[in-house]
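Below you'll find a set of structures to go through.
Two complexes come next, and they have one chain in common, chain A, joined by chain B in the first and chain C in the second.
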Partner chain A sequence: MSTIATITTSFLPPFNGYAVLVAPALLILVAFFSLFADKLHVPDRAAAVVAAVVAAVGACWMALGADNVILFGYQLVYTGDARFAATAILVLACAWFVWTAAAGTGRTREATALAALSVSGAVLAVAALDLIVMLLALELTSMPAYVLIGYRRYRIQGLEGALKYFLLSVLTSLFMIYGASMLFGLAGSTHFAELRALTQSPLSLLAFVLLIIGLFAKLSAAPFHWWAPDAYAGSEPWTVSFAATVPKFAGILVIVRLIQLVSTGFSLAQSLLLIGAVASMVVGTFAALTQSDTRRLLAYSGVVNVGYILLVVAASAGPDGATYSTIALVSSVVYALAYTAATMGVLLVASGEGGRLSDLAGLSKRRPAAAWCLALFVLSLIGVPPLAGFFGKLELFMTAWAAGQQVFVVIATVVTVVSAFYYMRLIKAAFFDEPERQVAASEDSAEDTADVAPDVAADSAAPETPTPAPTSRVGVGVALGILLAVTLLLGVLSGPIITWLT
Partner chain B sequence: MLLTIIIALPLLGVLISALLPHRAESGAKWVALLVTGADFVLAAWQLVQRGITGTTGMQLETSLSWIPQLSVHYHIGVDGLSLPLLVLSTLLCFLAVLASWKITVKPRFYFAMLCLLSLGLNGVFTALDLVLFYVFWEVVLVPMYFLISQWGGERRQYASIKFFLYTFFGSVFMLVAIVALYLYTGSFDLTQLRDLIAQTAALKGAGIGSIQWWLFGAFFLGFAVKVPIWPLHTWLPDAHVEAPTAGSVLLAGIMLKMGTYGFLRISVPLLPQGFSGWQLILGILAVISIVYGAVVAFAQKDVKKLVAYSSVSHMGFAMLGIAAGTAEGFNAAMAVNISHGLCTGMLFLLVGMVYERTHTRQIKDLSGIAAQMPVYAGIFCFASFASMGLPLLSGFVGEFLTMVGSWKSPALPGIITVIAGLGILCGGAYMLWLMQRMIFGNPTPAVEGQPDITLREILCVVPLAALVLVIGLSWNTLLQFTDPFAAALVKILGA
Partner chain C sequence: MEHVAQNLNLWWVLLVPLLPAAAFVVLLPMSRRVRNACRFVPIAAMVVALGLSIAAAVQVYPGSHIGEPFWQVAWQLATLGGHAVTISFAVDSLAVLMLVMVCIVGICVQIFSLFYMKDDDRRGWFFCVMALFLAAMLGFVLSGSLLVEFALWEIMGVCSYLLIGFWYRDEAPRKASQKAFLVTRTGDVGFFVALAAIYAACGSFEFEHIFATVANWSPALLMVSSIGLIWAAIGKSAQIPLSAWLPDAMAGPTPGSALIHAATMVVAGVFMLTRMLPVLTLNPLAMQIILVVGIITALYGAILACFQTDLKKVLAFSTISQLGYMVAAIGVGSATAAVFHLTTHAFFKALLFLTAGIIIHATHTQDMRQMGGLARRMPITTVVWTIGAFSLAGVLPLSGFFSKDEIFTVIWHSGQYWAFAGAAAVGVLTSLYVVKTWFTVFFGNSCNVNAHEGTATELVPVSILAALTLVCGFLTIPLARFLGHEGEWPSLTMAATSTAVMLCGAALGYTIYARQRSTERLKQIFNVVVSAADARFYLDWVYDTFFIRPYFWLSEALWKLDAVIIDGAVNGVAWLYRGLTRLINLLDARIIDGAVNGAAWLYRALTRGAQWFDSTVIDGIVNGLGTLSRAIGAALRRVQTGHLQRYQRLIVGAAVVIVAVLVLVLRFL
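What follows is the complex of A and B.
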């Protein structure tokens, strides 16, 4: 017995650290399991069930695991903020997998595999402190998302959106790699800590501009946002709910970290970020006002919300940015979670109905509980207390104001008011509009068949699973319940959460 | 602890009525009645106790750390300003439940929303932490939005979204001001902020353009929309007309008071120098509200809209009292708050009763009520007289003190008081004209054969009528609570 104990203790220190990676490693295993689920003769949704369990275990593992884990010579650092972000991503993923297991239609196992890969990338990306690790993890996060957007390959619109997303994203990835290589050339290192010594010079600024362009596109911040509405609207709400949240969460953390660790004192970089923030807020808001499609509306709302976060990113890039680095990180992570949880929630509710606003009509009569969840998610997006979105916004605006961006905070405030108008349209649709047809769900399937590309229609892609498993109401309830718990508790428990994050 | 119970009881009501099984959905109203009734008893008990012992200052305080990193606390308490409003709020919520007894469309949802509204209102009047205050302030918005949009009249969607956006617009600017105050002082605590602000060098400097002036302006947007002050009032007639009876009662009776309460609790005591730069602007806007509300009320054909515009006029008196910056003025504002809540609550309840019977609110279709429903007509006349501000009724207290306060105020020119006096005259005129057209005359077909007021309906208005009489006969029942607060406020302004 004692020998085992000695062996364990002597073995523990290194093991303890690397144990953090159990979560992403298991998710990669899940991805393989999902891909080969055919050979195992298990039901289609079994993969999603396994993935949900793994994500839940991973979230607990991440939340309760050792603090301040430093791996591979500071390339991956799991301190409080990274662990919180990784936990949050796993919780979001868990909700998505549960929903897929409960109500996914068509083949879900490949979607599960793709999502699992993306999540494992995101869990690594949030902890990356090295340019190469960061770029690789970010690619691992976003590449599966392209495929998810075009997941129903017999839908032309989906393919169009996926192609747009893919081409722009690959192009901007090249920008990022180009910028990163310049930084390496200047500093002789890819590690953030050594990049911090860089001073403002034309070349380092160019490198930053390239990196910022790449990240803006990944986050769909204006003026690189235009792929998002088309990509989302072409896809199903179900896949959008993943592609619009998890990769974005990882991207937000990466941009906050990168800018704050590297560009402190780069006044031009700060101006660029502020321009991006204002452009995103204004363009996103006015474009969102007229949308009649839930997915498009949320795509533009995503643009606006990234704009808010860019405000604090800019705050930490200023001359005295170091003062705000902690609070900027905290507020953007909290807000990112509040925003992504609510967005995923709205889209998962819409997944059962259809992608258009009119598909939500009569929801409060058909599924009152889902309608109430939708209302709470939307109110959180608006920023009504005591929901998560309010506390997120409060912390964001406080950081930006403290950093001397009072004018921008006022702009963000006005934008928030206008945003209430288009968000309320979701509530209006769900609670007040009468459904045009008896069964709104049939519309989506009608849309499916109408949009089938002629050359793939014969490919028998659509009728692959003739009898879809019945929707499990309990499962849908659990998925929405997870997101609702985040939305309700994130703000109220701000105290302990900030302690954890710092 | 007691205050926490008063705030949390409605939450229990929300949960129970929302989770009732479908078969037992008619039980929701009993849940709501019980919860709001218990709330009223607890609050009224506290008021009576304070009245007897004569204690002043902040009472029943509870302070728990909520978000320590941002020094946000769960800090609640009541004083002479908030306790009467808390009692009014719990009473009106109770009566609103009673007045909604015949709601059969989605009763669980409806009564859950009423309870949630009650929670928000109780919270607003007890919160002593700015973040907590803001949380409750916004919590009020959501149930009212649903009450108007789900159980409202024909144009309910337009009215409800307009209400939501208007008030949300105001309150986000208030939030900006709260954030700014925190960043200057490092505190959200209303009991400490006054001293901290006085010590902060950056916040010194009076007059137009100073930081205090701007912060006051941001709070002004939040509060003025709620009061509402001309020209930010346009949401009010729409919301009132479309809201169900209980919604109108709570909207006019207590939600408008959140605005004046905000001025008295936050803007004026925390930013006295900013206030001095705003006094004249507030006074002018208040007097415009008084006259505008009264004149527009004349032209209304819909009785509910008439009462709505009269609210704009009456709340103008409260604002004029605040703008005066004198002890009489502050007392007047608090008295108008309570009295207007009682009178307008009564009027909206009475209008709701006649609408339930005749399904019309057009004044021309409602003449001759006195012949058909004599008891109702009597109570309606009483409520109208109270609203006019007849001596010996509660409306007079506020209007009289406003006149005295604004006349004595060094910041306001005398002409403002004179114009406000004309507003009182208009107020008498349109209410008398309304009574003449609606109550007297020959019964119209709509009124013909309608049953008189029922016992339940009488129970709805009697408590309000009794309080109107008590306050009108003995001003001190109310002023003993408000006067110490007003005196303290004047002292702050003088410092």
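What follows is the complex of A and C.
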């Protein structure tokens, strides 16, 4: 690591640590500009192109920059793991922006602006070591996601989903803020390092539990996952592909940090996390089995995957947690990338078809390349070697096993086996089902144009032509290619990456 | 737990607020159907609470001074910034008296609501909120520190918001609930300032500590804390100038109004002042302010009550006026007089509100002009209303007479004769509007031929309250003694004076309303008063002009400023962005061509693999896992109902369960 770092830093212009924030800063600028893109007389999708480039550059910058950047008096600290997470977020965002630029979403500039804001929030959240910064960054991450979920303003299901997401998320944010305020009252500081000195008292435990509960909800871990399936099912796959991945990434990092820094001396933290892990795995798996909607299925799959990650987080919260804290952090971040990349890939493939499983029928005939991408993403989610999902999961389970949670690892393994069943339904739909009738697709597209029309009418001030440009198949290919590359490379290189990070 | 036991162990008194609170917590996560079916749960909780309250009263008999607890408990919650934060409760004679009163009124209101709200979809929720409201009030009177008191004070604010806005689908209740909440919150600012000042002065919120050190406080802090407390009480007890919310609050269900007006919400302000009297008495200016506010409010309420045509509004303004009496009594330093009137008022005002509910149900209107001649059709209602109303006016053997006389006496003895004159004027006006209401509603032309007597579930609680109104007055001496004062019967002079005052108003009312004389001439004479009263003494106008409209102006101006700046910025950066995107488009075109060829190759290779995958992998796995998993999935699906409220309940429920489990684990491990 050190050699790479020294080589790259010598190439980079001399900068003090703040340059690490180039990516979020530029993304916020992009968001600002794209909000007013209609006044600039540029194509609707230009904003997404710019954002994709910025995200790609930001990812490289983040990956190659100096190690251990300490900003704002230890409020933001970019160590190896935070840097990896931020890079991962930017890569995912890049893929998403490329897809948006290629396929167009109607008012693409607005989707770009929202996503850019959310991504910059996530990049800050992964490095936050201060309660206030953490809360603000998390809110910045999730708030644009509410709007994205309700992106089709004239479609009632989308608005319903957005409202559910918003209200439940606000409710659980209240838990978090309540807990954070208590911690601040007890420690007299909002910084994690000072919170570490807290002793266990009923109030500090309560505060801590409230924070964790709020994060559970942000991650859609059971039993606080209720919003996710409904919110996702109401909106379109491409919004879900963003809302279900990037914000979750931020949440995982935050919960790991919180556990690492606050959990010392909190004997009950581990049991709370284990409860959440088991509940998520079991509830998510069984609920996913009966779903007939891709978005819902992946919502529950998200619940299950968060359960796996919580298992490892719990390992670092144990009595000898300090031994496992680094490996737990690293393996959960790596797995998070493996899972979110695959999820985003599946949903982006589904975006071209429709939200229901039956919409995927005949995909292998219509878009064979997309169908094969889908297959690989699904196999990665199941955990088939040599894909990222397999090694990620292996690392997670090994860490948990070593930390003495054998029973829970057995549960997780069983759950993984069962999960193959519902994941396979995606592949079955794409490769083996015949499309029921040709009308279904045209119906869907009719619906799409129907709710694009009022949007365009509302934007009558916009000078651009109201007819959306056709989807660029190459652009979609590039987007899926990025995600596929992540899925394959992360699988092959997971060993070196993990050793490098630890 | 550290007990500071003083020869009695009264821990079980804490169950009095905890039982209705538990009823609320249990019913909260239930479905609407279950809640509606379980209305008996809060009632049962309150009945047990009443039993415990009476037992407590028996235990502590013959009482002691206010603020001398028989038993207290302090539980240290945490250490914040080096200072211990404790939750403490104390049982003194005042608290016990209030417990009994609140429980009785609460049960009566609950039983009454059984029939009154029987057709409402959300009746279970109504009972739930009432239970929480009562729990908060019961805890409030037991609290041993100002911080606990403040927390419960806020819970009561929320409950009143929920009750007033219970029919949230209509506009009037919604607006009224917001108004009530915001106006009382304005008062709460005072409470908060007082909390800060008191903590700054003595470093504790415990009453014991506050009263022990109050003599040494700096005058400035004493002043700030007194004014803050008074402002808070003004908001909660609807005194001038924060009285605007109470009349609007009539938009809620009538039993809710009864609860707010008689036993809980507005009483809290007076009770808090009574509690803090040792602090307030050290500050003569504060006492003078309290007295002035009390007398002015009493006059304001009484005058406006005379001009109302809405039955419930008459009662609302009469509550404001009677609260003014209590506050005035505190202003001359007599806690006993205030508490005594508070108790009798609670009984007869709850009685009047519930009876008004019966009348409104029978006549389907709140407008008194559309009532009349009800005495023949609703005899029992007429009798109980008469008892309540005459008690309000201060007719001799009824409880209102005794408590009002005590207030008259203490004000007279304080030597503030202007205040006594004001109080007497209020007495005249009170009997005037009582008589007016009485004649308009029960006598004269019969407007409602279909009006019928209330049902037993409505009449029984009302009759209990009527009986208490009849009896309570004779408890003057024992009650005063219970609170540690040597009470005495009203002196003959005072009794004569107040009766004369009452008769004065009654005669006036009789001449005008029983004979149905035209009031035009009178209105001409008192032209100024009438027009002012029509506009509720311009209070709403003042708020609107000086607070609400400037606020809108400000926000609009800020919005405009915003728009100008943003538009400027957009035009400024326009060309920059255009240039950048053109560049990118150029790049895009170059890159894409290259990518097309690569993708085409990949396509071909991948399609070839499809055939193999088809036959080998999929078929085997799909058939592998059985229908058991599907069944479990279907069961889980049933929880995922799509109802937002249910999700919220599930989330809060899960959080509560987790916290509860952790607390239990902490206790026993």
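Simple rule for what comes next: the second predicted complex is superposed on the first by the 457 of 502 C-alpha atoms of A that agree within 3 Å, B and C clash if a C-alpha of one lies under 4 Å from a C-alpha of the other, contacts with A are read in each partner's own complex, and residues count from 1 in each chain.
Going forward, contacts are C-beta pairs under 8 Å (C-beta built on N, C-alpha and C of every residue); 3 or more make two chains touch, one makes a residue touch a chain.
Everything numeric in this text was worked out from a predicted model, so none of it was measured.
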{"item": "Touched partner set for A:340, first chain B, second chain C, both or neither", "value": "neither"}
{"item": "Broader residue contact with chain A after superposition on the shared chain, chain B or chain C", "value": "C"}
{"item": "Which superposed partner A:290 touches (first chain B, second chain C, both, neither)", "value": "second"}
{"item": "First, second, both or neither for A:120, with chain B first and chain C second", "value": "neither"}
{"item": "Touched partner set for A:108, first chain B, second chain C, both or neither", "value": "neither"}
{"item": "Touched partner set for A:316, first chain B, second chain C, both or neither", "value": "neither"}
{"item": "Partner chain in contact with A:386 - chain B first, chain C second, else both or neither", "value": "first"}
{"item": "Which superposed partner A:410 touches (first chain B, second chain C, both, neither)", "value": "first"}
{"item": "Chain B versus chain C as contact partner of A:241, first or second or both or neither", "value": "neither"}
{"item": "Which superposed partner A:397 touches (first chain B, second chain C, both, neither)", "value": "first"}
{"item": "Overlapping contact positions on chain A, where the chain C interface meets the chain B interface", "value": "420-421, 424, 428, 431-432"}
{"item": "In the complex, chain A residues that touch chain C", "value": "33, 36-37, 39-43, 46-47, 49-50, 53, 163-164, 167-168, 171-172, 175, 185-186, 188, 201-206, 209-210, 213, 217, 223-224, 226-227, 229-230, 268, 271-272, 275, 283, 285-291, 364, 368-369, 371-372, 375, 418, 420-421, 424-425, 427-428, 431-432, 472, 474-475, 477-478, 481"}
{"item": "Residue ranges of chain A touching chain B (in the complex, touch as defined)", "value": "379, 382-386, 390, 394-395, 397-398, 401-402, 406, 409-410, 413, 416-417, 420-421, 424, 428, 431-432, 494-495, 498-499, 502"}
{"item": "Chain A-facing residues of chain C, complex", "value": "77-81, 570-571, 573-574, 577-578, 580-582, 584-585, 588, 592, 595-596, 599, 602-603, 606-607, 609-610, 613-614, 618, 621-622, 624-625, 629-630, 632-637, 640, 642, 644, 647-648, 650-652, 654-655, 658-659, 662-663, 665-666"}
{"item": "Touching residues on chain B, where the partner in the complex is chain A", "value": "65-70, 72, 131, 134-135, 138-139, 141-142, 146, 149-150, 157, 161, 164-165, 168-169, 172-173, 175-176, 179-180, 182-183"}
